[in-house]
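Should a chain be cited, it is by its letter among A, B, C, D and E, assigned in written order, with residues numbered from 1 in that chain.
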Amino acid sequence: GSPGTAGAGTGDASAAKIAFLMPDIASTRYELFDKPLFEAKIKELCGGCTVVYSNANASAAKQQEQANSALAQGVKAIVIDPVDSAAAATIVNSAKAQNVPIIAYDRPIPDAPADYYVSFDNEKIGSMIAQSLVDHLKASNVQGGLLQVNGSPTDAAAGLIKKGIHSAVDPSGFKLLAEFDTPGWEPTKAQDWVSGQITQFSGKIAGVVAANDGTAGGAIAAFKAAGTEVPPVTGNDAELAAAQRIVAGDQYNTISKPIKTVAEAAAQIAYSFAKGEKPAGKTTLFNTPSELFVPTVVTAENLKESLVDTGIVKASELCTSAYAAACAKAGIK
Amino acid sequence: MKNKTQTAPASLAMDLQDERLQDRTGLKGQFQAFLDRTRSGDLGVLPVIGGLIVIWAVLQALNPIFLSPANLVNLTMESSAVGIIALGIVSVLLVAQIDLSVGSVSGLAAAVVAVTSVNMGWPVWLVILTTVALGAAIGWIYGQIFNRFGVPSFVITLAGLLGFLGLQLYILGAKGSINLPFDSPLVYFAQLAFVPIWLSYVLVAGAAAALFATDYFHSRARRSAGLSAMSMQNIALRAILLLVVLGVAVSYLNQSRGVGWMFIFFIALTLILNYLLKRTKWGRSVYAVGGNPEAARRAGINVKVIYTSVFITCSTLAAVGGLLGAARLAAANQGSGTGDVNLNAIAAAVIGGTSLFGGRGSAFAAILGIIVIQSISSGLTLLNLDSSFRFMVTGVVLLLAVTLDSVSRRSRSSHGRA
Amino acid sequence: MPSEPIAAAGSPQLLSLRGINKSFGAVAALMDIELDVAEGEVVAVVGDNGAGKSTLVKVLSGVHSADSGTIAFEGREVTISSPAAAQHLGIATVFQDLALCDNLTVVDNLFLGREISPLRLNEVDMEVRSWELLRQLSAKIPSVRTPIAALSGGQRQTVAIARSLLGDPKIVILDEPTAALGVAQTAEVLNLVERLRERGHGVIMISHNMADVKAVADRVVVLRLGRNNGDFRVRDVSTEDIIAAITGATDNVVSRRSAARGTGQGPTQETDAS
Amino acid sequence: MPSEPIAAAGSPQLLSLRGINKSFGAVAALMDIELDVAEGEVVAVVGDNGAGKSTLVKVLSGVHSADSGTIAFEGREVTISSPAAAQHLGIATVFQDLALCDNLTVVDNLFLGREISPLRLNEVDMEVRSWELLRQLSAKIPSVRTPIAALSGGQRQTVAIARSLLGDPKIVILDEPTAALGVAQTAEVLNLVERLRERGHGVIMISHNMADVKAVADRVVVLRLGRNNGDFRVRDVSTEDIIAAITGATDNVVSRRSAARGTGQGPTQETDAS
Amino acid sequence: MKNKTQTAPASLAMDLQDERLQDRTGLKGQFQAFLDRTRSGDLGVLPVIGGLIVIWAVLQALNPIFLSPANLVNLTMESSAVGIIALGIVSVLLVAQIDLSVGSVSGLAAAVVAVTSVNMGWPVWLVILTTVALGAAIGWIYGQIFNRFGVPSFVITLAGLLGFLGLQLYILGAKGSINLPFDSPLVYFAQLAFVPIWLSYVLVAGAAAALFATDYFHSRARRSAGLSAMSMQNIALRAILLLVVLGVAVSYLNQSRGVGWMFIFFIALTLILNYLLKRTKWGRSVYAVGGNPEAARRAGINVKVIYTSVFITCSTLAAVGGLLGAARLAAANQGSGTGDVNLNAIAAAVIGGTSLFGGRGSAFAAILGIIVIQSISSGLTLLNLDSSFRFMVTGVVLLLAVTLDSVSRRSRSSHGRA
């Protein structure tokens, strides 16, 4: 047969379709931030363009289907956050075979270089949240060990975060009491596991490194339910709920990714590709022209500046009646 | 005829006069009756309890913290939410249907709880009412589709699984994850409300007394109607046994935080469902529909109403489970109710001895099944295994736990009682 | 042999069917059936296997709906849309396939749909009533707390018959009620039919046993291949005539068997085909 | 009435049971049962409902295993551990509950487990054979391609009987084979039993119909409440005696009914209890 | 008797002589027969196809790319792997059992393929053989546990789901994801191997000819045995219909990449399973065991062997599906086989009309069901919806698609054929 679609560089870029393929819904950011920001930027750049959005719900095979279907629709560029960085090589190959440029977003595709890579680095995120916690514990001179709540054992991104966390925890001098790969990132699973560790290591837990805000919430609920003091707990994603817990003093940190910057950069680059240009990378990673952005660790100290003032979190949503007092204390209104 | 009298003595109870009935009175008779039941696989929940004891022993040997009071308290609290969902599953399985959407419905309920109570500031009673009503409405819709179009419940509830997951995501909307404040009464109930020690013993004594009274009046009524009845000795023995078992359990749990009100709530729901299933016309109809829907219809039972009522029961309990799950986590998020909530709830019902083919099972299946599942999960949690080993060991232990039950039940079917 | 229903002498009509049709796909199971039952009348419906007797019963008891035709009950035209509706009218039925729930016990099955005190089942009363009913039918059931699955064929049939006597039906339909019964139980059921007649109930009894039919029925309605094929007063008709109407020929395997053995063996010619 | 098996005159024993016991929980269904069947002999097993006849059949056909006792087949002691084993020995059974697969068609059920050319089913041959078998039994089945679920009670029973004639069994066990059959079909089955006897097969027939029993059986074995309660040569015994052995008393509901009607009505006294 | 002759003319075929049979020959008779079947709900797969057409029309209206050749080619390729797994599910459902572990087994197979072919460098044939043998071994184990201990298949395969997921994680080890090289024949087969255009038409013609020949010889055999048979006209019509439908479909697909060999493989497996189920003693026994296991046992069928064979079929097909899934993705990872593979495979079988209660269904259920599911999923992918709406719409469309089938089937059960 013949290829079903025309490649990029041909046809009219002012009515181009651009695919935006996100990996899962377990993390709230993709539909909450990445998608709307990306869409808005594309609209701004090119009023007639449309974004074809799909979410693979954590299945690499599903993502492959979505990519194929985007290609069948004749998209002019694909922006993909791969479910599985290795397996996404197939998608890169089929896109290239049809002359459609492909931009790796958030996670790299090492085995088959994409046309561009825009990201912050998951491994780095893991090490940053863990390091921040370790530093805090050292500063406050606590004794004891750490619990580590990782993400889903079947999620490649979770594996990267886990690796990053270890890189900070292992040399820290704090004993790693136990670690757990939370199936499906489920907060209740994390809660049940932490509950068990509290009985097992009662009094010995100095802190918990949780790989995202959902599992952090589960860990905190476990301490609350056990009626014990909540030790410092990390998070990741800068969810509103996490911000509230940080304000209230239940959670120690989370990490805020400059999603707006990244999404808009990706939109810009994708549109350039769609027009047939070849944007140059700021650096080269995995053989791919790349641009990397640095996330910010958010704690009670810098929450106002990094989340509220930047508009990532609205003060009105943050300071609901239950958190009004804490907000006031932190000077957020 | 050999040396057996042809007609039974007139003094024998009305239901023991058949001369083929072997004597099963007195202590020896009771032992014989137990053997009969063992051989015919009619032991009820005993084998499941046996399986549970085996699991507990093994896990305790692997990690001595497993049977510590604190961990058992965790176990009871962690079992409650999914256990309540499993109760609903038992009732749909009894009519040989399935509900795959309990996870989504519980997640939706969690989302509704969070949005109404946090974002909209509704009072707790209204939140609870709304959630329960939502669950009931979903079940009612399932019932209508099932009765009108005859779509298999597997498909209806599969559609529900997807649809209500979507609705949950939509309701959580821009937030994604909503915290319930730790001082909300719901969260307090699910995390920190424990029965005061004195009250816990009062409850135990009350339970034993209630068992005694029920047995006693039932037996008196039977005797005065000329039927065989439990002996006074037996009645007292049962009550004392319950008293001792519950008393020991409670005093052990009281060494840590004690018995959670949420767990009491779960047990209360189990007892209520058990009453409804075993002692009311509705329950009888449920078993009949599960056993032979056409016979039930011909007996004049409104089979459609029964199906609808069962779907409503299941969805409502799923919503209640979701509410408690959210309260226990002190949050509702996109992951609420996803993952293995469905599978765990269904598995709990099946492991407890409920048949997927309808007409066999009891409310107690839910409680036993969920405790088996949570024990395995909690026990392995304490072992700090790799995920890969954790999954493998869970599978093997689960299988072993159920095999005991199945082997005893199998002799039942080979005795012609499937 | 086109059929003309014979009006029952004197007593008011309880049930009359006119022009009942029912097809299952390409098989026409009932064609233009007529049937009348008066109060205190025992009507036997006989016919070959597959003649449509059970289908007729199912139409009457609301299990199937007829494709066309009218049913009048106590003079009024009625539609029987469900078994519950039939019970409501006062039609009690013992089905040929018994329709019991295997997983429930004897007591449960007897009182299914008619439990005593629905919100708090009165098990004791139900058990006592069960024993009474079963004794009355000479049932040999060791325990009423065994599930139906553990009963013998005849025991099940006795339970099904006992079921139909609960409540106070105006008309009792018995589809081959004695097929699986022992000699004593059969005799009890025949006694029972006679008692029902005395109390003024209508009874429709389906049977392949001509001796039973001749013993208790007032009228015999013959179905053949889904059509009416005769309506006789029992006292006016011989077994041979009924069998001829059933098989559609006077020279049939029954008569041939009868004749062959008549020259050979026993004294039981008239009914040995039953 | 303790039982002493009567040795069949001349022909070698095909089957003999000694001391068979079987309990279901607290119910002793069979106690110390003895039974012999010789080649070319038709043995009727009779008894009240729940007497244990079907349980005996199930023990013989490998459905249940006996708790104790010995079974000898063609002189050798055998254990019958499964229905397949029984078929292998040459025991074909028609069960009281028929044991057909409702979802399969008539042809499928007839040839179940004995399909012609297993790797490429020969549907044409099977259908032709089916029609032949069913014609032979005067079955009134409109189409052999309908699922069993759509058949009438008697049609199903005919299918089950036809099933047992496939293969070449040495002994055929019929558990109430004519219960649901019409008069013509009953006559055909009785003819069939006689043909089986002529061909030297052993036949065990269970029936509540004394007329049928007297018509075709050579010997009558009576079970009562799970025990042997008599073993008679048919030509030596009257229907009344058999009924007395079944019910355990000479004054029983059957004889009373017989007597009452004897003064009143018809000419069919001897067999009206059947 | 009215005006109908008492005995049918002797010239009538042996199976049409019953006088209650209404005339269904000739054109008018055939139409009448169709009406009969409609009224009694005996339309086989027609209603599912109707539902599919409705879905396609709606999705095409929403996005004109949906029915483009390129997208349909994608659809066929994406249906194949899970479709093959669904074939296995059909066979276990036919005996009223379930296999919850097909996802895990397929994931394990994917992992084994990746490890053996990439890390250990085994030749392709050995890799395939190993995978298939692994699947068969798993099914055999299930069968043994089921037959020996009578553990419900739900529990056995739930344990399998967990256990083999653990094994999959273990085998993939720390890396978590292994790519298959793009030049491996497996990947080529699953991604790029399409039937040459000329061959595709040859295959179509062959299929039509085969149908004609089968019908013709069957009908000749029937007629010579004195049975009613399809008329020559009918036989020709069927073959021509098949020729036209397949021809149009193939030529349409050929406008894009054409028909993938993997899809041909899926269809071939479907036809083989259909043959086994419908035309062999084994298949007959499978239906019998599903309809009434006790009757099957009494008919002398070795019921245990049937159960084991069916579990083996299912696990083996799951492994094959996993192999193809890995090949199509050109990778095996920790997520292979997780997610909704299980649910999709079971749902495909059920949507295609297989009963969860055993004894009813066909191999074609798998192909139709998976195409319904994949159509919805692919159609909605083209619509650029939020996840929340996507889930909701999927649920609703799924329900609508199946309702048509159920309504037609319901009239069947109200006609007494459940």
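Operating definition for what follows: contacts are C-beta pairs under 8 Å (C-beta built on N, C-alpha and C of every residue); 3 or more make two chains touch, one makes a residue touch a chain.
Being a predicted model, the structure only gives us computed values, none of them experimental.
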* Structure fact -> Between A-B and B-C, more contacting C-beta pairs sit at A-B
* Using mean C-alpha positions as chain centres, tell me how far subunit A is from subunit E in Å, no decimals. => 39
* subunit C and subunit D, separation of their C-alpha mean positions in angstrom -> 25
* Structure fact -> For the pair subunit D and subunit E, the C-alpha centroid-to-centroid distance in angstrom is 43
* Centroid spacing, where centroids are CA-atom means, of subunit A and subunit C in whole angstrom -> 74
* Would you pick out the residues of subunit B that each touch at least 2 other chains? => 20-21, 169, 387-388, 416
* So which stretches of subunit C touch two or more other chains? -> 24, 26-27, 140-143, 150, 225
* **Junction residues of subunit A, two or more chains touched** => 25, 31, 153
* **Pairs of chains satisfying the touch condition** => A-B, A-E, B-C, B-D, B-E, C-D, C-E, D-E
* Provide the residue numbers of subunit A that touch subunit E in the complex, in ascending order. => 1-5, 25, 31, 35, 50-55, 57-62, 64-66, 68-74, 83-87, 89-90, 93-94, 111, 153-156, 159
* Structure fact -> Residue set of subunit C touching subunit D in the complex reads 24, 26-27, 47-51, 53-55, 96-97, 138-143, 146, 150-155, 157-158, 176, 179-188, 190-191, 208-212, 214-215, 225, 243, 246-247, 252-254, 256-257, 261, 265-268, 270-274
* In the complex formed with subunit A, which residues of subunit E make contact? -> 65, 68-71, 73-74, 77-78, 81, 169, 176-179, 182, 191, 194, 197, 253-258, 325, 328-331, 333-336, 338-340, 377-378, 381-382, 384-388, 390
* Which residues of subunit D touch subunit B in their complex? -> 1-2, 23-29, 64, 225-227, 229, 248
* subunit C partner contacts - residues on subunit E that touch it in the complex -> 1-2, 6, 19-22, 24, 33, 36-37, 39-40, 42, 415-416
